Structure formats: structure tokens, C-alpha cells
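Dropping the structures in below, format is C-alpha cells.
What follows is chain A paired twice: with chain B in the first complex and chain C in the second.
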Partner chain A sequence: MFGQGLLKGLAITWKELFTRKVTVQYPEEKIPLPERYHGRFELDVDKCIACGLCANACPNKVIQITREKVGKKQYLTRYVMRIEYCMFCGFCVESCNKGALRFSHVINMNQYFRDKVRLVLVDRPVPEVLPEEEPAKAADGSPAETRGKTARAEVAAGKAPGKEG
Partner chain B sequence: MKTQTYVLNMGPQHPSTHGVFRIILELDGEVVVKATSVPGYLHRGIEKLAEARTYTQVIPYTDRMDYLASMLMNWGYVAAVEKLMGVEVPERAEYIRVIVGELSRIASHLVAVGTYSVDIGGFTGFLYCFRDRERVLDLLEMVSGSRMTFSYFRIGGVADDLPPEFFPPLQKFLKDLPSLCDEYDGLITGNEIFQARTKYVGIITPEMGIKYSLSGPVLRGSGIPYDLRKVRPYGVYDRFDFEVPVGKNGDCFDRFVCRIKEIRQSARIIQQAIEGLPEGPIMAKVPKVIKPPAGEAYAEIESSKGILGCYVVSDGSTKPYRVHFRRPSFINLGYLDELLVGWKIADVIAILGSLDIVLGEVDC
Partner chain C sequence: MGENIFTGIAESLRAFLYGAGVPPLASELIVLIVKLLAVIIFVSLNVVWLVYMERKIAAYIQCRIGPNRVGPKGLLQTVADVVKLLAKEIIIPRRVDKVVYLAAPILVFVPPMLAFAVIPWGDGMAPIDLNIGVFYILAVGSLSTIIFWMGGWSSNNKYSLVGGMRVVAQMVSYELPLVLSLLGVIMLTGTLSITEIVNAQRGTWFIFAQPLAFLIYFIAGVSEVNRVPFDLVEGESEIIAGPYTEYSGMAYAMYMLAEYGNMMVISCMCTIMFLGGWLAPFGWTFLPSWFWFFIKVYLMIFIFMWIRWTYPRIRVDQLLGFGWKVLVPLSLANIFVTGVGMYIYRAIGW
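Entry: the complex of A and B
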């Protein structure tokens, strides 16, 4: 009979009226992200040995690393991701042997200006002596430790574009 | 009375082309006398880009061909490289590939079904399909970390094991899926207006389907049960019990119905794959730097749109010498110009939608 299919469709939409809604009011409510979510990158500078494996793994040459030799060790001075070219494939995170480069759950990466898009994970001057090689001065205020802390704090708080727009 | 034909340009910006695709229609009144399709607006040169990347680095680019079924695109490429290198993929990896691949097929078919409904004018069906596609994407997000461009396959296996929290929602989804398909059938398939628009419209005869080497639901809608998973099983597909749904008349309606039936069959395959999921490694022993021997390989898989073939030529270096993809959407689109002739302008939308093209794949 003509019209029966239409009525059946209407019955389905009516039934849907009484089910729980599936959407959330986004900026106020957020859906929890899964463990493996590919959000913004974060770098644990203390673990990073500046080997450059991540830069090599990247298909789009997103990662730019600057390192300098201090004493016998390579010292990471600058770690920049040209995030506008990033495909978020995760090959860099996978290639990191030290577990230094990780994905965070930050999804808000939109910017109003192009020059703010670039993600600077580390930008620090070269120390004359590596923090751990420096003679222990822990008794009088410990400059070695403070320096290590500033570098870390810089990464945690500052250089990565935290604010949107 | 003397009349003349006129030319109507459709696209490249047209909602029913699902991307940027142009058809130049020559019309006699409302009837199409000649159609010229103009693809290429989304061409990014993926095949050429691949030549400047290492074998592993090509994988994210394959995601961007058919972005609605990225897992299957990954699969086509890695299958070709594995064939070239002679890598034996561990069994657990093969099962995981089947699970995520079939989930991707479901997601792709849900878009096809939903957008076809909206092309014909039923917006409700579209929303219902997208509501359920979100559930599939949530599942794949748990596995790979991304919602659309997964880059989950690796040469010799998969990137990561399935997380334990993946299984309960998957089981729930599989349990709900038959009733969800019934909903689509009730909302879209059973709708008289939808049937009037699609039945006996854009008929592809089996002979023409074979002549134009169509594949996927477009061919199966014409009644030819040609599914690579069945006729030439790759991976572990020979171990699963499933049917290949076929249509009868080869019209738009049959192609559409085929997709909903395939969703049901995919659910059956996933259920069997979960039950038979073996323990073991998820990556074969492949060297860190992938350097296949000089030579060439061609591998085919059944993607959601049809047969995806990948041809890889190696010159023995770390980068492929040449990569070529046989994209099912592109091949299926080859018949469009001829198929449209004689149909009215409203049927153009119905016919184009029933082919289920993805422009990322057409233009590659």
C-alpha cells in the first residue's frame, strides 16, 4: 500500500525522540578522549637525547632540531615543529626510543595568525657546562639545578602556543 | 518546431558530488544527451609524492585517498610492499587488520548510505547514519588515535595491539548493528519516494559492468557476485563465513541496498574475527630500514568502493621508484558519461550518488 513506508519511517523517528541524545554541548561539555589520541605534541626535554630519529621518521619534514655539542654530549637547543604541515600520523612518536616525544590530549590548536601556528617545544641557550657535569654546588643555592628547572619550566609553560588566538 | 540542446555546468562546487567534481551536461530539455565528467580538482600527486618518501612514510598519504575508509587504503599499499618483500604477516596482525578493515568498510558504507539519502532528499536518514558512524570512528580512534586518517597499518603488521577497552563497546556495537540496519531500511529503503526516485534508474547491465571493469557494490548491484574477499581471498578472509550480497536489476536502488546488506555481512565477519583472534606478535620481523629487493609487485584488496590495487616498483633503494594505485572510485566513474545519457537531470544526482565516489580517491 502506498504510504506504508512513510509511516514506518515516521514511527522510527518518533521512537528516536524518546532515546537519550548523543550530542554534547561542546565547549562546556567534552567527550573523554581515548588513551592513544593524537593531540598536540609534548616533549620531555630531560629524556630527549637529540638523536633526530623523529625528524627522520617524519614524512613531511615537520620537525626541525638544532643541537650543539657541549662537552661530550649533544645538547638540544631548539625543537620546532612546523605543525601546519603535520599529518598527525604519529611516526615521530613511534620512532622515539626514549619515550621523550608524546601525544598530549590537547586538541585546541587553532590560531588566528599563521606565525603563531608553529609549535616550539624547546628553545633554550647553550650552557657552558652540561647541568649534570657541573661540579656540585648544591650546598649554596645550586645553580645547576635551577638551570635545569628553567629549561623544563620553559617547555611546560611558555613556548608552546598555549593560548588560542 | 526547431529546438536545440544547451549546456549546463554542474560542479565543481556542488553538494551532491561529495567533493570537487564537475560534469558538463548537454541537455535536450530535461534529458541528458551528452555528459562529460571533469575530475582532477583534488589531485595532489600522491603517487609522485610517494617517490620522495621512504616505504613507511607513504602510509599516511594513502589515508588521504579514500578518507572514508582509510584503513582499507593502508591495507592496499602495505599488501603490495609486503608482497614485494615477501614478508609473512603474523596471524594476530591479520585478524586485527580484518577487524579494523571491516569497521572501516562499515563506516564508509554508512556515509554512502547516508549521503545517498540526502542526495535524494531525505535528510533524516543521513543523520541516523552519521550518528552510528560516530560509534565506529570512536572505536577506531581507540585503536589508532585518529578519527579519519588512521595510518594504523605498518609494513609487516599493525602499529599497535588492540586495547582492552576496545572490545566491550565493539561487542555492543555489533549487537546493535542489525537493528540499526533495520532502521536505515525502514527510514530510507522502504520509503516510497526514495524507491520511486531510484528503482529502474541508471541501470548497469552485467555485461557493461564487466566491460568497464567496475567493481565493488556498483558491480555487485548488477548481480555479479564478484568480491575479492570471496573469489581470491587475501589475508585470512578464507576462514570467515559470509555472503556476498548481490542486486537483481543493476539500478541505483540495488546498488544502495547492496551496501546495507554488506554492512550486515561485515558485522558477521568482525564477530568471527573477534572469536578467532589468536595470541602472538602483531609485527613481522622486518628491518628498521625497509629496502625491498629490486622488482615490482601488484596487490589487490577489496575496498569499500571496489577493488583497490597497488603497484609498487622498487629499484632496491629505501624509496619506491614508482607507486600506482588502481582506485575503484576512479574506474567506476569511467562509466558515468555513458550511464547518464537518456536520463533526466534529477536522475543525474541519483546516479552519481549511487556510484559512491570519493573525490580524494578519484583524483588521488
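Entry: the complex of A and C
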């Protein structure tokens, strides 16, 4: 019959009119992220040994590590990712032997200014003595040092200081 | 229930003016102006709503949600768009024909508005009850061709010119089957008065007496209002926006809104000529007549939108070939068969 295709088309659109809509209203509803999602990086600063494997693995030279020698050990003072160049390939996370560098599920890293994009995972001063070498000293540490510790904890949780997660 | 709301308002206004000692001619004039204003406001609101409805239906057919941010359920989306467009500059390119260029978007709303003046929105609710209403609507409806052409010609743009050319070609080819298809109904009723045509459908709606005419009228109507699958005039992928290419701001919005106005005219005409106008089907008179009219018009509008989001655009040669080689002969055949049928019925005295 002539015109059968026209009716078929109308039938299809009529059916689609009542099917469930696939739109996810982003800020209110979110699709759950997969386990291995490549989101914002987080660094467990206590596990990190400042070996620099991640910086070596990075194809884009995103990771900048500053470390100091304290006693016999390397001490990580600053861990900065120039995230504007990062392509989230995950080589750095793969290369981390200690499991210190991980992906989080934080996806909104947008900033109003370009210089704020840079992700500062660790930024801390060099202590005179490493805490694990002389636990007695750390116990009676000054209040200033404990404040430094909470700041470090915040950094470790993947939050850059002074930024909305 | 609610049947006499609008006629009642008109009557009470007339009585009030009579009581206030206004001379009869002046009071009739005031009532007429109020009626026409009411129609203009109703149509404008409808047009704003139709833009939203179109977007919603498009979204639903495409498994999306559609506008849902501005106002409850996105209802104020079109209002926001109009406000935005009002604030925008109407760019006048160099070397356009300024007078014609600016006149076109102002005039584009005139033909549908003129047509709405004679449409009966319910039982006895025609603002002006012309005895040649059908003729008037057809005459006024084809005026929009000139206005689109004005816009296309004056824009000094190749796309606009091609679009304008297409408007003329398309409207000339499809105006013919549009008018001829209505001729069958006019032959059956023997009148050009819209009210009498609707009243003649008390027994059967003319969609059953003249199914072919309805189909031809509907197809030609889709083409007249430049909607998919006959939207060669605007055809984004070929000629940007046809005659509207150079327009911006509210001038552009006027064209867009007028498209919906024209669509309403065609839907109203479909309702009046074939779907029994304000008459309730199956004697379901628990809803007022104006509401039935409204439901039928919106049903037609929905079909327009449904078709728009189903079919692809056809080619120019297909369009003209279909118009001249299929629709015109079919409508002529319809007139012939109607005439013969009427003669036979009269001969056997049925």
C-alpha cells in the first residue's frame, strides 16, 4: 500500500513519545561513577616515599615533585600537578608502587582563573627531624606543629588548601 | 456548564454600555474591539505556549525531557526567550531595502490575525460572522506569501532570495489544492459562511463525507505553513533560514511566532471544515462548545508537530511534482466525484 512507510514512521514516533526518557538532569541527578573512574588525583601523603616514579611515568610532564633529604630519608615537601596539561591517562597511578597516588571520584575541577587550576596535593615545610625517627619529640610537639598536621591531613584527603571540593 | 461564559461577558458588556447611555453604534464598536483584542491576546498566548509544546513534543519523541528549567516544568521558557530576543539588537545589514526589510516582520503577524477575526471559537463566538468567511480566510491566508517574499527579497542575501523564491513557488503550488479541497465541502453545504458550514455538520462531520478532501487539505496546509516535510523555505541544512537569514532579535522571533500563528489558522480551518467545529462528538455536551473547538484545534496542532518530528524534508522537485501531479488532480477528481454523488443523491431523492 502506498504510504505505508509514512504510517510506520508515525507509529514509531508515537511509541517513542511514551517511552522512558533517558536524560539525566546533571546537577540534581548523577550517574554513579564506575569504580575505576579517572577523577581528581588524591595522594596519601604518609604512604608516599617521594620516589618520583609517577613524575617519570607522566607523558606530559604534569607532575612536579620537590623533596628534601631529612636524615637518611627523602622527604616530600611539595607535590604539584599542572592539571591543565593532564590527560588523565593514569600512568602515574599505575606506576605508584606504594599505592599512594589514587584517582578519586571528584569530577568538578573547574576554576574561574587559570592559575587556580594547578592541583597542589602537598605543600609542607621540612621538619627538623622526621617524626618516626624520634617519636618522643613529636609527642610533646608545639601547637603550631599539630596545626601543620591537620593541614597535612586535609591535603592527604585530596583537597587543595582553600578550595571547594 | 460554562457554555455561555464568553458570550455572557459580551452581553453584559453590551448591557453595561447601553445602561451608560452610549449610542448603539459606538457600543457595538467597543464590543467588537474588545472581542478582537481578546482574540489577539488569546492567539498570542497560544503561540507562546505552542513554541513550548513543540519543544516538549520534540524532546519526548527523541527520548529527552525538553525545557524544564525556567518556571514550573519549563513553562516560562518561551517567555524568557522572547524577553531575551526583545533585548537584542535588530541588525540591519548594509544595502538592504530598509523599509521593506523592517516592514516584513511587523506585517507577518497580520494575515493570521486577520483570519482569526472570523473564526468561530464556540457556538456563536465568531468575533465577526462573515457570510463569506471561508473565502475571506483563504484570501487573507495567502497574503503571508508576499510578506515572506518581502523579507527574502529585501535582505540582500542569496539564501534569503532562494528562500523567498521557494516560498512563492511552494505557496502558489499548494494554495491551489488547498482551495480546491475545500470546494467539496462548500458544494455539500452550498454556503461560504463558517457558522453555517459548522451547523451543517450536526449529522456527520465532513471528515467522513470528504476524507480525501481532508487529507489533501491537511497536506496542503502543512505545506502552506512551511513545516516539515515541506519546510524547504527554511530548510536549515540547505539555506540557513530562508527568508529569515538576515533577521535577528525580535524581528526573527516575529517570523517564528507567526509560523505558529499560521499553524493555528490551518488547524482551526481543519476543525471548522472537517471536524465539526465547536460541535461535540457523540452528543457529549457536558463540555462547553468552545472547549470542544479548543480540543479539536489542539489535536490538529499535535498532528502537525507529530509529523514534523517524524518525517525528513522532501526535495524541491518532489515537492512541486507532488503538488501539481498528485494533489491538484486528486482534488479536482474529488470535486467531480462530489458533484456526481450529489447529483445522484438528488436524483434518487435521498
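Just so it is clear, the second predicted complex is superposed on the first by the 135 of 165 C-alpha atoms of A that agree within 3 Å, B and C clash if a C-alpha of one lies under 4 Å from a C-alpha of the other, contacts with A are read in each partner's own complex, and residues count from 1 in each chain.
By our rule, contacts are C-beta pairs under 8 Å (C-beta built on N, C-alpha and C of every residue); 3 or more make two chains touch, one makes a residue touch a chain.
Please read all numbers here as calculations on a predicted model, not as lab measurements.
Visitor: After superposition on the shared chain, which partner residues are touched by A:59: those of chain B (first), chain C (second), both, or neither?
Guide: first
Visitor: Tell me which partner A:70 touches in the superposition: chain B (first), chain C (second), both or neither.
Guide: So A:70 meets neither chain B nor chain C here.
Visitor: Go through the superposed model and pick first if A:117 touches only chain B, second if only chain C, both, or neither.
Guide: neither
Visitor: Now for A:106: first (chain B), second (chain C), both, or neither, which partner does it touch?
Guide: After superposition on chain A, A:106 lies in contact with neither partner.
Visitor: Contacts for A:91 in the overlay, against chain B (first) and chain C (second): which applies, first, second, both or neither?
Guide: Once the two structures are laid over each other on A, A:91 reaches chain B alone.
Visitor: Determine, under the contact definition given at the top, whether A:22 touches first (chain B), second (chain C), both, or neither.
Guide: After superposition on chain A, A:22 lies in contact with both partners, chain B and chain C.
Visitor: Of the two partners chain B and chain C, indicate the one touching more residues belonging to chain A.
Guide: Of chain B and chain C, B contacts more residues of chain A.
Visitor: So in the superposed three-chain picture, is A:14 touching just chain B, just chain C, both, or none of them (first/second/both/neither)?
Guide: The second partner, chain C, only.
Visitor: Taking the superposition as given, does A:38 touch the first partner, chain B, the second, chain C, both, or neither?
Guide: The answer is first: A:38 touches chain B but not chain C.
Visitor: Once the two structures are superposed, pull the chain A residues common to the chain B and chain C interfaces.
Guide: In chain A, positions 6, 9, 12-13, 16, 22 sit in both the chain B and chain C interfaces.
Visitor: Can you name the residues of chain C that touch chain A in the complex?
Guide: My answer: residues 57, 59-65, 68, 306-307, 309-311.
Visitor: For a test of understanding, state which residues of chain B touch chain A in their complex under the given definition.
Guide: Going through chain B, the ones touching chain A are 53, 56-61, 63, 124, 128, 131, 134, 138, 141-146, 149, 151, 159-160, 163, 165, 183, 186-188, 190-193, 195.
Visitor: Which bits of chain A are touching chain B when the two form their complex?
Guide: Per the stated touch rule, the residues are 2-6, 8-9, 11-13, 16, 22, 34-38, 57-59, 87-91, 94, 103.
Visitor: Within their complex, state which residues of chain A touch chain C.
Guide: These residues of chain A touch chain C: 6, 9-10, 12-14, 16-23, 25.
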